[in-house]
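Please read through the structure below; I'll follow up with questions.
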Amino acid sequence: MQQLAIITTGGTIDKIYFDDKSDYKIGAPQISEILGQFGVAFDYEVHALMRKDSLHITDEDRQLILETVKALPQDRVLITHGTDSMVETARVLQIITDKTIVLTGALNPARFLGSDAVFNIGCAISAVQLLPAGVYVAMNGKIWDPLKVRKNRNANRFEQA
Amino acid sequence: MQQLAIITTGGTIDKIYFDDKSDYKIGAPQISEILGQFGVAFDYEVHALMRKDSLHITDEDRQLILETVKALPQDRVLITHGTDSMVETARVLQIITDKTIVLTGALNPARFLGSDAVFNIGCAISAVQLLPAGVYVAMNGKIWDPLKVRKNRNANRFEQA
Amino acid sequence: MQQLAIITTGGTIDKIYFDDKSDYKIGAPQISEILGQFGVAFDYEVHALMRKDSLHITDEDRQLILETVKALPQDRVLITHGTDSMVETARVLQIITDKTIVLTGALNPARFLGSDAVFNIGCAISAVQLLPAGVYVAMNGKIWDPLKVRKNRNANRFEQA
Amino acid sequence: MQQLAIITTGGTIDKIYFDDKSDYKIGAPQISEILGQFGVAFDYEVHALMRKDSLHITDEDRQLILETVKALPQDRVLITHGTDSMVETARVLQIITDKTIVLTGALNPARFLGSDAVFNIGCAISAVQLLPAGVYVAMNGKIWDPLKVRKNRNANRFEQA
């Protein structure tokens, strides 16, 4: 069994560009490529659960994420998720109290120059290994309690709620 | 007077990302940044004429581009343009017969890793300096006659018409 | 007073390229640019202490780093350092027992495509905020005890000693 | 037979990074990857002739390049070359008068953010297709006569000699 489970749900982090007409679509999980190229010194497995913009994640989707995390043998779980409803999903997951769960994502697509994706994944990778059981949001260089954070859409960043 | 005039009209080359809700928008002309960082050994001036996805360029917009090019003192003009209607605009410009006019753009935004923007601008920069008067499309590493090229939207490339 | 102090000492993370003759040189600290562009939600100050390849860091340099860290008012300190002698410097710093000190760096220059710099800084930023007092090395996605880690030069990665 | 022959000789364009101790080395030809990712609309073949920093290119190396170009069935040849002695090699090749030969390279390695490699290759690709027989240097956005150009090492750019 791998030490760490990673669940991907889509979101901006995985967006890739098509063309003038079709806009951006959500592609394969970028976290696999990112961790692959840095030779990380731990084992992990990636579950590509869904490919959704976070505005389209429904209550049923959140139940599916919840049940998936519960069923995992690992007690350390990293979830990549769109930023617009990441906090909402994190709160739903707080019913799980015996695993360390860290949600992260990106304000700009991973394949965009200057994207925050790699930085956020770095923050989340440390957090999921170091923190005790609980649910956390890793964005903008900080580890947040889901009950005390919100996305400020105008400033395009996470801040204390 | 500068040797080369550059007119920017928008298109994918200039797209920048906002967020989950607002999708991509067309930002400041990327060609200014691109030429700036490579220390090109010639003088040029950039006219940011419009910021439009090429699907939204109207007949009036094309007339504006035409009149603008005509009025320029330079006889070498590079135009960045969205790819979906680049060929159409090129054909309208063919009424001008005493200037060398090269249109280019990008199939992926300039700020995207692996974008063709810088390569295409390189091709266009040579072409606009080397070619005799006429209108040309510089895409996919070739210099095309506007009457003999089309964008293959499915393959996302330019090809012989 | 800022919450976090960052000390830069040089190393591959800060290498920039000059030309065929002069090879790579160590430039301005890349961590300032990196944290600047991601809008991190905490305060920090950067001390550019030296610009040395880690193979050229001497015992006196290590004493200077040690005295500088001791004298800082902050009790959380992130140090960027060349990878070849990062572990050695970390062990010297272990004399300090009342601060959380995390060392990181990069196996490839920050300005290189595919560099691990941003990922490592992300890991280190979480670690320095979450860990209790002590000295740690953040490389290859893990937080290491300086007494139990070494750089494997052939494989170009950090591993358990 | 392919339309275009590409000969690679090494130089900064192909430099890849190893580590603190071993500095940069010249890797596989970057032009293959670059042209591959942009879906260029013409056929070409790549001959990886040598992997040398241009300061180490000897008179014998230049004779080898000369004989190789002569022996090619193609009459359009693009050569990637280190910048420090590119002009010297170009002058040696001027003995060939029935082919269009364009030399290009990079002032910064192709794998470096902000490298001029892709831009220069774009310029050279147009030039080698558009120009009559002769030998040319494509650097800094211009097509130069080898007899009238030099590298200004302090300014790190090519300029009129």
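Lettered A, B, C and D in written order, each chain numbered from 1.
Convention: contacts are C-beta pairs under 8 Å (C-beta built on N, C-alpha and C of every residue); 3 or more make two chains touch, one makes a residue touch a chain.
Note that this is a predicted model, so its numbers are computed, not measured.
Counting steps between touching chains, the shortest path from subunit B to subunit D takes 1. The chain with its CA mean position farthest from that of subunit D is A.
Inter-chain spacing, taken between the CA centroids of subunit A and subunit D, is 44 Å. Mean C-alpha position of subunit A lies 26 Å from that of subunit C.
Distance between chain centres (mean CA atoms), subunit C to subunit D: 37 Å. Subunit C has residues 113-114, 156 in contact with two or more other chains. Arrangement of the chains shown, judged by which pairs touch: one closed cycle in which each chain has exactly two touching partners.
Residues 34-35, 37-42, 114, 116, 118-127, 129-131, 138, 140-143, 156-159 of subunit D are the ones that touch subunit B when the two sit in their complex.
Those residues of subunit D lying in contact with subunit C across their complex are 11-12, 15, 17-21, 23-24, 53-55, 82-84, 107-109, 111-114, 153, 156.
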